[in-house]
Amino acid sequence: MPKKPLPTEQEVRSYIRDRRNWGRWGKDDQRGAINLITPAKRTAAARLVKTGRSVSLSRPFPKDPGMNNALPAQHYMRTHARGKGAFAADYYGIYYHGVASTHIDALCHTWDDDAMWNGRDPKKEITFDGATWGSIEHWAEGIITRGVMLDVPRHRGVASVTQDSPIHGWELEDILVARGITLEPGDAICVYAGREAWQAANPETPYGRPFGPPLARPGLHVSCLPFLRDHDVSVLVWDMLDHQPIGYDIPWAVHACLFAYGTALLDNALLEPLAKVCVEQKRDDFMLVIAPLNVIGGTGSPANPLAVF
Amino acid sequence: MPKKPLPTEQEVRSYIRDRRNWGRWGKDDQRGAINLITPAKRTAAARLVKTGRSVSLSRPFPKDPGMNNALPAQHYMRTHARGKGAFAADYYGIYYHGVASTHIDALCHTWDDDAMWNGRDPKKEITFDGATWGSIEHWAEGIITRGVMLDVPRHRGVASVTQDSPIHGWELEDILVARGITLEPGDAICVYAGREAWQAANPETPYGRPFGPPLARPGLHVSCLPFLRDHDVSVLVWDMLDHQPIGYDIPWAVHACLFAYGTALLDNALLEPLAKVCVEQKRDDFMLVIAPLNVIGGTGSPANPLAVF
Amino acid sequence: MPKKPLPTEQEVRSYIRDRRNWGRWGKDDQRGAINLITPAKRTAAARLVKTGRSVSLSRPFPKDPGMNNALPAQHYMRTHARGKGAFAADYYGIYYHGVASTHIDALCHTWDDDAMWNGRDPKKEITFDGATWGSIEHWAEGIITRGVMLDVPRHRGVASVTQDSPIHGWELEDILVARGITLEPGDAICVYAGREAWQAANPETPYGRPFGPPLARPGLHVSCLPFLRDHDVSVLVWDMLDHQPIGYDIPWAVHACLFAYGTALLDNALLEPLAKVCVEQKRDDFMLVIAPLNVIGGTGSPANPLAVF
Amino acid sequence: MPKKPLPTEQEVRSYIRDRRNWGRWGKDDQRGAINLITPAKRTAAARLVKTGRSVSLSRPFPKDPGMNNALPAQHYMRTHARGKGAFAADYYGIYYHGVASTHIDALCHTWDDDAMWNGRDPKKEITFDGATWGSIEHWAEGIITRGVMLDVPRHRGVASVTQDSPIHGWELEDILVARGITLEPGDAICVYAGREAWQAANPETPYGRPFGPPLARPGLHVSCLPFLRDHDVSVLVWDMLDHQPIGYDIPWAVHACLFAYGTALLDNALLEPLAKVCVEQKRDDFMLVIAPLNVIGGTGSPANPLAVF
């Protein structure tokens, strides 16, 4: 199905090692490609707001057990009397990485046998108290940038990406051309793969599970890495994740962008509604806002990304 | 210190009962004053972005025990090997209401002996599975509106509000006049009271504690309620909360705006940095974005509100 | 497969309503059949210790996701320096009811449309702060009594109880006769059904799941209720639970013993090792010790029951 | 106040290094002094049961914030309908080390700059998934042994131990002589220090806090270490913990028994009721049962120890 031959293992390794952004924003930088979102970039993003329509890219907080939710979140209630009135309060607990929760990955989330982002050593930086490098608080001022929809099922004329047909970097380039989109440094891309339609068509097949060897699943091929790097993408917002099996002897495929390029990942976004609104509004871009919780040492954050048209 | 006589108990009760917004957006409405944030309002808010400077209004996720943090949040780490690489993931747990965490209150959070927002019965709506009325998912599309700084210490020429001098509604009106600000329906107001300076001056005095009778503490007097109602405020963003003791035989003072007016509360905002930026930028307004987690049945959400200039 | 006709619906209802122990130990009693464990009974139990062999009846704390563990327990580590040394500490979190965790049910755990134990109203007694009736702290002094093994697979000459052959009360009577066992008031019975062997023979079939309609599963038929009542059993320790489907229009089968008789339930015990030791030691009884955590208002407790020979 | 001169730093170091039990039960042993509790020892313990009176040594599960409870445990309720009935279930979460919870320390809980129990390296054994050496599951078969009360306030004729008068090892010897007690290998000692009376007399002084430098507090002096070693104590059950400040440049005082001798610690026991029963029953010994939760890799367990007379 790919128009082009798959990259060789050597090419893939080169994506990750030879093209990495280490040192690009200084050797002590912990913000990575989010540095590309300058004040001017934020201002330009705000100018994209024209109709004022707002769309949430968040799935519901994953409280319920299920095939794709092996470690359900906790939600517990309390009430407390206050004079003749009262109040209700609640507890939220979540181990948010995995495939159930819409969340952002901080740069410290993944590493390979080389190092973490900017060359740091995970043995030193990953502690019982949290990460001391590349953790989520470095993005506490929020991510406000231009978001660009790359709607793969629409481009293909299908309901969803499937296992036998992963998304390649050159297909994303094709979408840019077909839609007449020009990406600019610091843009966030929303790669819609049709996860809801895929799950509906495969009701008994889990998309992922938290531990053990990864399941086969459709998604983005490692060939998307150069696309992220070439276009200086700040955030990859996606509903499907890395295509599995990866097909190369590397621990991380697209997820390598965290430690290699400093590109943020917004995993398990709910992109079906956004894709529909893009069609309705006849637009491919919008202001995107991501406001991660300010957790010192956190490896990411559950999030409710907002697209405003 | 008040310029005006304090309202009588009858007047205060009238603020809460006679002026409430029940039915204003339909008897089945669960969005309250957030309805005032129309698409046009969002568009206007985005136009306030001029320099692109972004400021987080969030305190750090409150992990550490302390005088103001009787129920610390949980943050625990795990690592998992993945081929020759690995990843770090973490667990966040938080009972976020109280005085330690920057969070938004959903409309279901408080009630008096009359009812919850829009007249509903808490006995029916507050369940072990979450709230079935006025819960946070009704604001999942996010809150994007004009934010307006009302800097009380700057107006008073002091470092912070103090116990003997609560903030009154008429003082907020004075600030509008002094600063030449015109509030519009759906605006969020950021009432800065100088909590950091107050705490520094009172290092041994907790600002609050989660259970038991409320402590005496400086903050906003119930006389601020009519201000919220008169100006159709959508969100009150504050660093100090209700002045305690309330001074009237009512369970909730300013917090009554949740069930009476449908006004959202953004508690324990970090406003000191925002106040400084307002001075630097010579501005009183900005685009404000709040993106609550999409927790079905939740009574609110930890949040990282963003102000963009 | 039953030797006898199944009880009618009327008979089953009579087990639960006509034979209940309400008021037997006073209308304010919250200890139920644990009252049968007198000091003399404890002393007699201790006299059963002859060889000093100790056997744990606890499964491992259920941390790992799996078919029978839809809501895995949390286990997270921390370390803290202390001078030139350090310490490790950990967090345990568990929603322990269900089929994964070895735990004891307090009397407040279940009720039918009539009432809770001793006729109390669950609407009043089950609160957001915990149960105010029949909660686990009433057994905080521990359960130390004679434990009696009733080994159903051994009696049947099979590896395990199966779906088409539930355990009936008359079969338990047969086992008493065949083994020459005399039950005495206050004894705990350990009904071994061969859960491990059943699961090994049915590797794809979950034994249970936490929410939604119960799955079909092998276990104890409601006809066991009169056995518990006739013999004044204090605790039913079991590895399989109620046979599902129940076969009658009642919410609870054997689990009705909690609210009807005040009999404690020790769910998901690990009985395979105990059954082997009974064979080795040529004994059917032993000292049993259960030490529930002293949680005020708790509906039960994870537990590590000990059998000492 | 000590009858004898305090040990020198060299002597204290010798307690910990020269007298340690490493290798005593094999280099791969993870049970430590619990090995001293043989089947014969359990049988003898059971023979101590004469009146059948049972006493819990557990404080309540520490849910409520307070001076001595900086990290309160979580207890949250749920209810679920089941036909015309229903059930209540609850979540328990606890970071149980510290001074609030009655719990047992596994051998892996503490270490100094030398090593963990039996010479292992904490860098290798303490992982994000739990401890892989000396963890609590090695005591899953339970601790059933002779418990011996050493009632220090009774011996001194005071209400409680105080800051200026720590408990020394020679005082424990004196109590043995005064009470005519002979300790035997594998006995557990319950050193009652009067914590409740001390707290009542010092209502504003916390006994401990979880992090940061330890507070001054009354308790057992490091001179108790040789007592534990000389008498081959299996478990030290105590209501007060190590006297602070330690007075020597070592990270752990009495807590060194974990890694040096393999002696278990049962921290924050509730010993006041036990001490009263000992007086009433005119006895100093009893059967003690501790049944830790079977947490693979756990550093200990909340527990409800039982004394049976």
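We just call them A, B, C and D in the order they show up, numbering each chain from 1.
Definition applied: a residue touches a chain if its C-beta (ideal position, glycine included) is under 8 Å from a C-beta of that chain, and two chains touch if they have at least 3 such contacts.
Since the model is a prediction, treat every value here as computed from it, not as a measurement.
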| Chains shared as neighbours by chain C and chain D? | A, B
| How many steps does it take, at the fewest, to get from chain B to chain C if each step moves to a chain that touches the one before? | 1
| field | Self-contact between copies chain A and chain B, residue sets same or different by half | value | same
| Which rotation angle, from 0 to 180°, best lines up the CA atoms of chain A with chain D, given as a multiple of 5? | 180
| Interchain centroid distance [CA atoms averaged], chain A/chain D, Å | 48
| task | Indicate the whole-number Å distance between the mean C-alpha point of chain A and the mean C-alpha point of chain B. | result | 30
| query | At what distance in angstrom does the C-alpha mean of chain C lie from that of chain A? | reply | 46
| Listing for chain D: what residues touch at least two other chains? | 74, 77-79, 91, 93, 95, 128-129, 211
| request: Give every residue of chain B touching chain D within the complex, in rising order. | output: 64-65, 70-72, 74, 77-79, 93, 95, 128-129, 209-211
| field | In the complex with chain B, residue positions of chain C that touch it | value | 74, 76-78, 91, 93, 128
| message | Considering only the defined contacts, which chain C positions touch chain D in the complex? | response | 38-43, 46-47, 49-56, 58-61, 63, 74-75, 77-80, 82-98, 102, 108-113, 122, 126-131, 137, 140-142, 144, 211, 249-252, 287, 289-306, 308
